[in-house]
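You will see subunit A twice below: alongside subunit B first, and alongside subunit C after that.
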Partner chain A sequence: MATNLEFIKEVVLDASGGSDTKIVLQNIFSEKYENYFITMTKIGSNIDYYVWSRLIDASDNEITGSEYAYASEQLKSYGTEYEGKSTGTTNWNFMSWVGSGDEDSGGMSLYIHNPYDANSYTFATGEGVGYYGTSGSVGYKFIGVHKVEERITGITFNGASDYSEFIVKVYGIK
Partner chain B sequence: MAGSLVLLDEKILSSTTATVDLGASNWDSSYDVYQVLVTNQRFDAGNNVFNYRFLASGSPNETANYDSAYRLLRADATYGRVGSVDQTHLRGSVAGTGTGERGNYILYLYNFNNSSEYSSVVQKGADFDPNTNSVISRTGGGVLTVDEAHNGLRFFGSNDANFQVGTSFKLYGLKK
Partner chain C sequence: MSKSNKYGYSGVDIPTQAAFANVGKFDPAEINELVQEDKWTQYGQLELIETQSSTSYTEMTFSDIKETTYNVHVLQFSNVKMPSGAGTHYPGFRFSQGGTFNTSNYDYAASWFSLTGSGNSSVRNSNHGNIAVGIGSSHSLNFSGYAYFYNLGDSIRYSYATGQIVLSETGGTVFNSYFSGASPYTSQVDGIKFMSTNTPTMTSGTFSLYGIRYS
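Let's look at the complex of A and B:
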């Protein structure tokens, strides 16, 4: 049976593959889909930190201006929840967790809404989880908007240091 | 996960419309869980609420039996919590005609085909509020506390607002 969750791209960095400063997914958005589903697993680095992200414009440039707003709720097994948010900043932050230990890697599911429409803002909705080796588990509920009407063709995922491993898969929802 | 969504019904508006039904005659009861995507949602007038009801045999259940609880995520202020009982519908965020003001919703529908138990929905999504320059979301869920089978949703705005051209509604079944 034909289905409507269509695979677009996978990027894998394993422990033997060196490291990457950030995950760059260029030319994954197109006129074919309004909504995209991105999964990230085994998000690992040498520093515990948050996943943060920027979008890529139609000229393949990472958008670094103060054009992003986001709201994230960080839930912790070891403390009170934290509200990470901004109405105008240079990235989407507090999206999920980058773990530094062998067993601490993070995961995330992220929807991107309407990125390729040059007459619309681009929106994101996601959840993340990870383990902070010295403290406990952390979960994230994330929403974001890029507040410029322009065509978006890709996305980057960043942390505080090089990624040591990750698996990213991108799907279009037809 | 790949290939697990099956499109059952879609409405992409080519003219302004007060109500939109998903499912009904296009409902397929062979799924346990359904996913709804609402994208690019706008109204033709400001400060209206995105609302919806469950369809029973193709007609909306309008009784005061909807209970809900939401976390109010927003970029400009402390997050809120709100719970309601015995409402006549479930709801999303306020939307209107401002620049960038477009709602996006992801709904998961549970237990819709069971006539002897309640049906429920999980809701998440993101909208832009130009008044606060903020991204906002009502994240949570709701239950219709009636033992009844359901076969879709009816979407409508408060104050008889119309959905704008380009608003997209899609219903998927989650394949085993």
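Let's look at the complex of A and C:
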């Protein structure tokens, strides 16, 4: 739990602002902080889907190689829970949920650890929740690691083929 | 401000000020003015709204949650104790809308693992009396944890929660539970209540509600 948060950056897509296929946060990590906190709210999507993520390297390229590992438990208020996990894969998956209805938009809280340290893996822990149609809430508890020692400067969030709305805020943990 | 020399500038080209984008040289009065207008850069974005603590209560209510200021709230709770002999405890959160706390139709799921069990177990309900943290126990309980709340001030979205607890109960069993849930109503939430559906008298507990500034 953070004892102090320092606002770094926001990326906002207003409902009237068109659509984006992904959320890109470039140059948000620096030598100033070792740990970061990211909130994601008011997510609007054209489909029901789970949020997945990739990191951005020091050359501003999205890392698409099989360098990620993750585990996530899906907490559904209906049906049975689901465990998603993989290693040597191309993204962090099952991080949160985006719903296609306005009211289905929940939120996500994500911690990123040691991204800017070129001699460390980058780690993530997080949780998120949304709503699936008339079925019920869909929550996630997530851990992830990027298993290459390199400098990470940013992150992308994917999942919807069209994001119609979102608010993403990045904080450094003092 | 009536000064012709503002933020260290004179003439007509006075920079527009905004938090995290302040430009110029500022005297104390200008800083105070910008703070009041929420245009002055201030760090420390985890803002305490209220702390409540009690040794005897049936529920803990926050009625001034500043829902229009924050998109994300954080609640830290510690040393919450519930006695045995009051039936099965289902502690969790209720939201009020228009000053009235909803008593049903909350939806949640939780998963836990313990010192004594193997693997994890889960529980869920789509029409519950609160967004439960995952405990269903008639033992005496002592637990701590946190919860995030999302979109409480949003009138077109449901209100959501995620969080985690660690708990010790009579007999020495220790387990954790992580949970998520929703209140499927779109009106603004103007209050948060921590309670158990059996409303036992709790014998201790400290609750601190924070807002995440600019969230």
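The rule is simple: the second predicted complex is superposed on the first by the 168 of 174 C-alpha atoms of A that agree within 3 Å, B and C clash if a C-alpha of one lies under 4 Å from a C-alpha of the other, contacts with A are read in each partner's own complex, and residues count from 1 in each chain.
Heads up, the rule we're going with is that a residue touches a chain if its C-beta (ideal position, glycine included) is under 8 Å from a C-beta of that chain, and two chains touch if they have at least 3 such contacts.
On a predicted model such as this, the values are computed, not experimentally measured, just so you know.
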- Query: Are subunit B and subunit C a fit on subunit A, or do they clash, once the structures share the same frame?
  - Reply: clash
- Task: May I ask you to decide whether A:Gly128 touches subunit B, subunit C, both, or neither, giving the answer as first, second, both or neither?
- Result: second
- Task: Look at A:Tyr171 in the shared chain and tell me whether it touches subunit B only, subunit C only, both, or neither; answer first, second, both or neither.
- Result: both
- Message: Tell me the contact category for A:Lys76 with respect to subunit B and subunit C: first, second, both or neither.
- Response: second
- Query: Which holds for A:Ser105: it touches subunit B only (first), subunit C only (second), both, or neither?
  - Reply: second
- Query: Thinking of the overlay built on chain A, is A:Thr90 touched by subunit B (first), by subunit C (second), by both, or by neither?
  - Reply: neither
- Message: After the superposition on A, what does A:Asn46 contact: first (subunit B), second (subunit C), both or neither?
- Response: neither
- Message: With both complexes overlaid on chain A, does A:Phe7 touch subunit B (first), subunit C (second), both or neither?
- Response: both
- Should A:Gly139 be classified as contacting the first partner (subunit B), the second (subunit C), both, or neither? second
- Query: After fitting the two complexes on their shared chain A, where does subunit B collide with subunit C, if the options are 78-86, 96-104 or 150-158?
  - Reply: 78-86
- Message: From the superposed pair, tell me which subunit A residues show up as contacts to subunit B and also as contacts to subunit C.
- Response: 1-7, 39, 73, 141, 171, 174
- Where on subunit A does subunit C make contact in their complex? 1-7, 10, 39, 41-42, 73, 75-78, 80-81, 102-107, 109, 127-131, 135-141, 167, 169, 171, 174
- Item | In the complex with subunit A, residue positions of subunit C that touch it | 19-20, 43-46, 71-72, 74, 76, 107-111, 120, 122, 124-126, 146, 148, 150-151, 154, 156-158, 160-164, 178-182, 184, 186, 212-215
- Mind pulling up the subunit A residues that touch subunit B in the complex? 1-7, 34-35, 39, 69-71, 73, 83, 85-88, 111, 113-114, 117, 120-121, 123-125, 141, 143-145, 147, 149, 171, 173-174
- In the complex formed with subunit A, which residues of subunit B make contact? 1-7, 37, 39-40, 71, 73-76, 78-79, 99-100, 102, 104, 106, 124-128, 132-137, 139, 168, 170, 172, 175
